[in-house]
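After this come two complexes, each holding chain A, first together with chain B and then together with chain C.
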Partner chain A sequence: MSARVAVVVFPGTNSEDETLRALTAVGLDAEIVHWSRGAAGLRPFDAYVLPGGFSYEDRVRAGAVAAHDEAMDAVIAGAQAGKYVLGICNGAQTLLEAGLVPGTGPLRRPTAAFAPNASGKFQSLHVHVRLNVPPGRVPMLASLPPDCVIPAWASHGEGRLAATEAELDRMEREGHIAFVYCDARGADVPAPNGSARGAAALTNAAGNVLAIMPHPERAERAIYAPSGGIVFFAAFAAALAGAVAR
Partner chain B sequence: MVDTDVEGLIAERGRIGVALTPDEIRAIVAHLGRLPTETELFAFDAQWSEHCSYKSSRHHLRKLPVDGPTVMQGPAEDAGIVHLGRWNGESYGVVIAHESHNHPSQVVPFEGAATGVGGIVRDVLCMGAEIIGLADPLRFGRLDDPHCRYVAQSVVDGIAAYGNAIGVPNLGGDVYIDESFDDNVLVNVVALGLVRESEIIHSRAPRDSIGYDIVLVGKATDRSGFGGASFSSLTLDDADAEANKGAVQVPDPFLKNVIIRASYRVFEELRRDGIVAGFKDLGAGGFAGCSAELCASGGVGAAVELDRVPTSQPDLPPAVVAIGETQERLCWIVPPTFTPRLLAIYNEEFSLPRISRGAAAAVVGKVVEGGRYHATYRGEVVMDVDLDFLTGGVRYNRPYTIALPNPPAEHPPYEGFRDTASALAALLAHRDVCSRRTIFQRYDGVVRGTTAIPPGYADAGVICPIPGAPLGVALAVAGNPRYGKLDPQLAAEHAVVEAVRNVVAVGARPLGLTDCLNFGDPTVPEHLGALVAAVDGLSYAARRLGTPFVSGNVSLYNQSKSGRTVAPSPIVACVGGIDDIAATATMAFKRAGAAIYTVGIPDVHLGGSVYAELLGIEGAMLPRLDYDDIERANAFVLVAFREGLIAAAHDVSDGGTLVALAKMAFATHDGSRIGVAMAPGARDGIVCDDAFAEATGFVIEVADEEAFALLAFTRDVVVERIATTTAAYDFTFADGSRAALDDLYEAWSAPLRDFYAPVRAPEAVQR
Partner chain C sequence: MSEVDRAYVVSLTIPDNEAYTALTTLARMGLPVERAVRADVWIVNLDPARAADVDATVPTLEGIFNPNKHRLEIRSDALPRPGEVWIMPRDERPAITIGGRAVEGVRGVRRCTAWRLLDAHGGDVAPALLARATEMFLCNPAFQEAIS
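Coming up: the complex of A and B.
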């Protein structure tokens, strides 16, 4: 039986269509599920992908209100049960606000923040990110090669990882910083948004939840840049097939 | 208010806050046979405003060509539609709309610019289309003035806040800076949509729609935006700015995001059941204006109960409920059998009432026989007017004078630059040439995942709006205020030529044009004359290039009471179609050692050029336009793209040929560094300043030189090899001077890098 993936949409989400296309392009059985269907509507799914946007108008902090939406109860329960949960941009912010990444504190009591960019502004930039942990650390991407570089678009106003130095040290030590910003060849560059430790993505201890700020799904039609985002989703699909088979 | 006679009403009209003229009020009273109710008075004020009725310009706009094989729907409704192509047995159209939000953006820049985006996307949505792209032509005042900078920053923030939140990619636009915009900024906005030809929804009551429901959808009505239509048809004055703020609408992109998605669901249901409905956005004139126009175009009447309009404030007067311009609202006319499903989609599936207080879809009236608009509020009749009279507006054929430009053919001698390298560095740092990166990276250019070429990588933004299809859509804008000041007619021609060239430069066939005419007070013959001259120019260029205008907008009274009028600004957008996206290219140099060619016969007049301004050259002529040559060059470039002969193309505009080449070197995204060396003897230097003339055609990195030259020969197109790309990241000139491209990049990047430098806020806000 093939895995069923829910693309979880909140009021203000804006990237659900391209996220759905990226998932179906790698052969996944995915569908868009609106918040109005609630946690009950989400429970039957095998994995959850939270796309980008401005859920609930970014009130309080980006992702903060969506993290408390009743629909998130199903996503949190699924994450705790070991289901794969992927959050992109606003979805990543929501997972952090829900306490699922880095997952070092209580639920819905984040221990870090995706804070406003160093520029203080929303910025849309073509970037590259590099896998910063051994592929096996994040099972949903286990088939990526080590140090894999992925072109992506960073399009956000609040993507600068911020936490206490002790918490940042711990995140780094325990392999929570799953991707970092780099150049086209994979060399480190300063994070364009000022993110601590150059972090572009965070994962939890088990590695079944990934919160990535830049959008791997937006390289689909690009002729201006090498398309590499599909690698990301292909790895996700491969891992999901394996996980469901088990 | 009604306790007066017609002359009393005329005397009081300023206090009441209507812009109708004494003669217009007399005409209304004579038609009604009585004094208008307050609601009727404001309804006429909005419908007969310049903003809604084009009363001073319509007469002249008739000259524009609006037909052609690419036209699916001309400028009759909120937006025009051009044929894109077929995919999977369906014929697809691209919807294009173009508007201004100049006055609101001057007074309350963030909200004004944001609601400009909000309004234009509704115009596209109500054609039954998916909204697929945006672009913003912006004209700012001098940024060294704190208030001008505050306005510019806030305008960019407003556009970003709205467009990003609703999730529509911004495909480009342009920015010019000129002192004539110091106290009247221009904020134009262009939006694109995608629609299947068989599923276009019209902004009119459908045939045989008597008994259909009139359904209002969106934000709860409040006091915001009351009187916006007539406000935008008045002259701006700082003293009135505070009073005018109430006329600006309040944006809510979050709610709009949900309304757009819910509306797409409604489109699906209509398609599935083959139901014909009417759909129109609420803009100037509010609910009454919108529903009146829907019914008037369908030849039916309306019976409306204003009590049923969802409101968020108690005890709103009927005029505000009827005419107020609260944002994020749309109006449907649907058969009553469909109404329950329509309401369920907005109110339950997308739960509007739960995400914004009072927001909803609600039935507020019925389509009735006859041609009258009848509205009641709390048991009283507040409107009972003939629809054709209300929506027909008035027409003026005002006097105008066209000032003939009189530049001498020869300009006096002038002191040039030391060498070409220093000339180029100065050109790149000019306010109209330097990098706009700080601005355009504020906009999400890639949301929806359909973007092939985002802003900044080519002359036009390119998207592939149909998943899986090879069809591409290109969008570009043009309109040079330096030209507008010298010669409105020729400036308008140049705007058309450049907009078309911009889409050709990505290999796209020009499909259609839109214009926004930004001018001064039409009751001043010289200002109206500038508009008339510009329309003549647009019309002539569009006919010569065989590209029709499918929609447009006019914004008048762009001046302050101090008498300063904006540079005549005919701003043009061009939408292009690409049959196979694999054949397009960015403007970035692709490899070292490639030949660089110019295409077209260069025109070397320096009038209006950046170079002329830098050197203080007075009286030079604007570049002339040789349409036969332009048409041949455009057709040649399109064929060369199709045959894979072009690696990169860029049109030559502000700054001239060398600036164009430098920007091609800057446009790489993948870390590759490719320089350029001019051919010995190229006309690139201070000895011969041809390379600083603008509007001379294309520069092209050629992929196959032999085939390219042969194709040019067979098509009778003048091409000239002027340079070669190099492995060294340098720019080498024919006069022997040389510049490191890193230094040139810095010169180009620095001027607007600190666009967001803090302004002294208190001064800025209080002024």
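Coming up: the complex of A and C.
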């Protein structure tokens, strides 16, 4: 039996097609599920992917309204039950606002933020990110090699990790910073958005929730030079196959 | 060199969809709020000798104020009113432009969002309820602060 993956679309989501394409390209049984199907429509799925965009037009704060949407009840319950949950860009902001990452506080009470970029501007640029924890720390990507470098497109106005120094220390110490910005060879570079600790992605304590700001799905195909983001989704598919087999 | 802060409070006179979305979310959270009122606040640090000029210029800045759909209130004390909370980025450097334009006499500009929550009688909700809504939804303390 193959894993069923819901690509969760809120009003204003705009990256569902390329996300679905990347998931199906690695053999996953994925489908787009609109928020209006509610939590009941999402519960049967084995995993959730929240794509990029501007859910609810970024009203109040990027990801804040979607985090409180009834559809998210199923995503949160799934995450708590150990299902894999991946958020990309606005999906990452939503997971953070939902309190699923870093997951060090109560649900829907964020202890960190993907705050406005240090430049004060929306930025769109090609980047590389490096796995910053042992692959086993994030089970959904466990088949990636250590220090794996993934190409992606950073395309956001609010992607700068912000938190108190104590919380940032904790995130670093407990392995919540799953990916950091780097160059093509994996060497550290300053985060283009000013993100604290160079963070590009966060995970929770169990490692079954991952919130990544840059878009690996936009670097999925060879026509998007440079390509290579597909390895991210291939690892996701391999982990899901293993999880469903168990 | 003396300086003074002034607040230019810009609110919509047409339906505010963002406020309505916030209201819907607050209702889903079980908070008894009948209406949410939102405004963009531009806190401007300026040369007091040029204050009158800046006051006259701000209503001409189409990037922040359109008289066909906005109301502009100028506050010389640059403070929230009772019943109001201002949500402000904690670590943002002040800009030197307002509405994308450099205005003579302006030294720095910070932007925030003002919220008022009203009950079924049209009055402000209890301070404890406003504080709860702020804590649970309106403000992310990781990068914002709430001023009331």
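In this section, the second predicted complex is superposed on the first by the 240 of 246 C-alpha atoms of A that agree within 3 Å, B and C clash if a C-alpha of one lies under 4 Å from a C-alpha of the other, contacts with A are read in each partner's own complex, and residues count from 1 in each chain.
In this section, a contact is a pair of C-beta atoms (placed from the backbone, for glycine too) under 8 Å apart; a residue touches a chain by one contact, two chains touch by 3 or more.
In this text, all values refer to a predicted model and were calculated from it rather than measured experimentally.
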Partner chain(s) touched by A:189 [first = chain B, second = chain C, both, neither]: neither
Which partner, chain B or chain C, touches more chain A residues: B
Which superposed partner A:18 touches (first chain B, second chain C, both, neither): first
Partner chain(s) touched by A:57 [first = chain B, second = chain C, both, neither]: both
First (chain B), second (chain C), both or neither touched by A:113: second
Touched partner set for A:70, first chain B, second chain C, both or neither: second
Touching both chain B and chain C, residues of chain A: 56-57, 120
Residue ranges of chain C touching chain A (in the complex, touch as defined): 17-18, 21-22, 25, 28-29, 89-92, 95, 135-138, 140, 142-144
Touching residues (chain side chain A, partner chain B) in the complex: 11-15, 17-19, 21-22, 34-36, 52-54, 56-57, 119-126, 153, 155, 183-185, 215, 217-218, 220-226
Chain A partner contacts - residues on chain B that touch it in the complex: 157, 160-161, 164-167, 253-254, 257-258, 348-351, 355, 441-454, 457, 462-464, 467, 581-582, 584-586, 588, 669-671, 756
Residue ranges of chain A in contact with chain C within the complex: 56-57, 59-61, 64-65, 68, 70, 97, 108-113, 115-116, 120, 162-164, 167
